[in-house]
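In the two assemblies presented below, subunit A is common to both, partnered first by subunit B and then by subunit C.
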Partner chain A sequence: MKKEDTVKLVSAEGFEFVVDKKAAMVSHTIRNMLTSPGSFAETQHGEVTFPEISTPILEKICQYFYWSLQFASGKETEFHIEPEITLELMMAANYLHT
Partner chain B sequence: MKSLRVLQAIYIRVKRHKITYFIQCDPTESTLDIKQKLQELVDQPTNNQRLTLVSTNEILDDSKTLAEQKVENDAIVALTLKKDDNEFEEVYIARVEDFTSFS
Partner chain C sequence: MEKGKGLVDLCIEAATACSESVDIWRRQRRTLERLPFQLADDLFRRLHSRRLLSPSILEIFQFCVNEVDLRGESCVDAEWMVYLSAFRYLHSLNIADCKNVNNFALWHLSGTYSFDGVLTQLEHLDLWGSEISNVGAATFEKFPMLRILNIAWTKVTRMPILSIACLNMSNCTIHSIVDGDNTATATLSKLIVTGAAFIDADQVLSILQLDCLKFLDISCSNIGSFNFLVNLRNLEHLNLRYSQITDGLMEQVASAGEKLRYLNLSNTKITSHALSVLVGCVPNLENISLSHTLVDDTSLLYISMASSLQLVDLSNTRIRGFVDSGRENSDKMLSLSALQNLTNLKSLNLEDTKVMDEALQPLSLLTELECLYLKSDFLTEISLHAIASLQKLRFLGFRGAVLTDYGLLSYRPPPLLCVFDLRGCWLLSANAISSFCKKYQQVQVRHAHVNNPFEDEIVSYGTSASFITTKVPMSRPRTVKSSNTSFVDERMKYSTEELLQLESSTGFSFMLKDLDLLPEILRK
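Here is the complex of A and B:
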């Protein structure tokens, strides 16, 4: 895999998640960052920090990106969400337009 | 029949310290194929990488496929690298509890 095809998402606690750009673009917010003509400084380095999103939530979101791609290609599985993270996950998803 | 997609069937989560690599792959790919995908991302040649399936603590064999070694979709695999003394480091995946935020 090439570095330029990936993007690094950093959580509030400084944990890093390296995902395919294609997967990250499931999020409209990230898609806009990666494709806007002016280019955000963060995306030029291929790194986006989310100081408001905790590590377990950001990991769940990354899993969702890949689940979403699998679902779109016809693999119909369920996406499991633990009840205790539901609210925080919804807030993050809302922010990311995911 | 559905048309062929470029997208590969599964993904695994390769973890070392505070970093997680989401790697798309296919159950028929070998461990070595995965190491080749990781090569550029971790900046280490394949023979300096060791992958361990976290759920069973089993070290993955380069020549075997993911399916043969029961590496499934969303599996967590620990990455360890060779140290200067030619030994592999210990498996270490940071936990979020060790880094509580101040907010």
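Here is the complex of A and C:
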């Protein structure tokens, strides 16, 4: 995979998740960061840090990105969310507009 | 799972899947306190609709919820109020129609029994139909930010001093709206007392300081004297429907007319004379309803002088469309031609009046008209073609008319027409309507022969059949679609009389949701 096709998402603890740009763009917030010309440093480096989002939550979000793409292409599976993380995940999803 | 559901929705769904899930996340107090209001409100609403709310769950939401709507819940009682009284950021609380919300419960809500008086942010309180009286009403003073209060259908007869903006005391018996200090009502901009029984209306209302009052609904009330209207200089909306207003009392209405934009006089005893009193006093009037009154064609002259009018409802009146000029054998004067002075007129309702074809000719001059409602046994296609020049029409009602297939098919609807209401035009055949629909697909036709999209789920319709064919009990419309897979022409089941009854029942296929209105034979 070419580097320009991916984006690096960094959690509060500094864990890095490298995902397809296409997947990350499921989030409107990330899409805006990556596509608005010049206004974000993220656009150049292809790296976004989320100091408010913990590693397990960010991991779940990355899973959701891929699940969402699959779902849109017709593979309708269930996206399981453990009750323990619903609140945190809800807030992160709200922030990311996803 | 629905397509395109966002992660937030999925999370709310997971969180409210069952009470076990709730038990797991409810311990995360810190996280809950950080939850944005909009998310907390959504989560709270979903818990309520999944019937997972209980007093102990309420507690965990006390720092994150803005809006609570528990209307109609019989389980909501004083215990719930104790917890709700701790909702620090609560703006809006709807506990209408909760039969266990009484004075006692309200005292708990107001924090009277707790040390830290709370609900300081509460702006909107809806107690419609609950079991409260003046004792409970005394607690309203504990809510300093209260602006919108609904206590309709309660036993409250007098209000404590309050500075609120909107008050609904419909169907209450009203002794006084404020006790003592009358300047307290200076902030009131909207007052709804429909169906209220005043002990002494003029006394109650004329002592109020109502400089800000813009919206007044006294429909169906027992008010018999309207002197208080003289003080309402800023009134924009006045509803006198089913009130005791008469021609002789119209002076008072006129005195409040300067800024009036909406006036509803329907279902009263007024005649055309009442309009002559209003002339010149309502320069800003945009919307007038005279439906079900005794007004006749002479009123049209007065109406036409209120040049700001956009919407005129003259349905069920004595309008005939012409006035006798007094001389015998002379031409009748077409009274509707006066309306062409109303250059802003967008909507005209002449349903169930006595107008005939020739009287409707002047309507062709009302070129700004967007909505026209006609319903009469006297009308024929002549009228339909007379109004063909109204190019801005979006809604055309032509109900109960003697309209033939040929008449319909030779009519060219204006380009913007969205709805063509032909209910009760009993001469039309299904074929004619279906070819009209095919030709003008942008027009939604309403007629018993048409299967409208909005009742798709209820009505099954065979193209060759003239009637809705279903054997399934109509009282459970949802089952119709699933169980009625075969289309059977049941016309043979009914006698000609019954079929005619079906035909003439006004738009029975459009009102299936109002099942009580269905003709007997369809309710089998």
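The criterion applied here is as follows: the second predicted complex is superposed on the first by the 97 of 98 C-alpha atoms of A that agree within 3 Å, B and C clash if a C-alpha of one lies under 4 Å from a C-alpha of the other, contacts with A are read in each partner's own complex, and residues count from 1 in each chain.
Basically, a contact is a pair of C-beta atoms (placed from the backbone, for glycine too) under 8 Å apart; a residue touches a chain by one contact, two chains touch by 3 or more.
Quick caveat: nothing in here was measured; it's all calculated off a predicted structure.
Visitor: With both complexes overlaid on chain A, does A:Ile61 touch subunit B (first), subunit C (second), both or neither?
Guide: The second partner, subunit C, only.
Visitor: Touching A:Ala12 in the superposition: subunit B (first), subunit C (second), both, neither?
Guide: The answer is first: A:Ala12 touches subunit B but not subunit C.
Visitor: After superposition on the shared chain, which partner residues are touched by A:Leu69: those of subunit B (first), subunit C (second), both, or neither?
Guide: In the superposed model, A:Leu69 contacts subunit B only, not subunit C.
Visitor: Considering only touches as defined above, state whether A:Thr86 meets subunit B (first), subunit C (second), both or neither.
Guide: second
Visitor: With the touch criterion stated at the top, can you tell me which subunit A residues are shared between the subunit B interface and the subunit C interface?
Guide: Subunit A residues touching both partners: none found.
Visitor: Taking the touch rule as given, give the residues of subunit B at its contact with subunit A in the complex, in rising order.
Guide: Contacts found on subunit B: 2, 5, 7, 9-11, 18-24, 37-38, 40-41, 73-74, 94, 96, 99-101, 103.
Visitor: Which of the residues in subunit A come into contact with subunit B in the complex?
Guide: 1-3, 6, 12-20, 23, 54-56, 59, 62-63, 65-66, 69-70, 73-75
Visitor: Quick check: in the complex, which residue numbers of subunit A touch subunit C?
Guide: 61, 64, 68, 71-72, 76, 78-84, 86-91, 93-94, 96, 98
Visitor: Which subunit C residues qualify as touching subunit A in the complex?
Guide: 1, 3-4, 6-8, 10-12, 14-15, 17, 20-22, 24-25, 28, 31-32, 34-36, 38-39, 43
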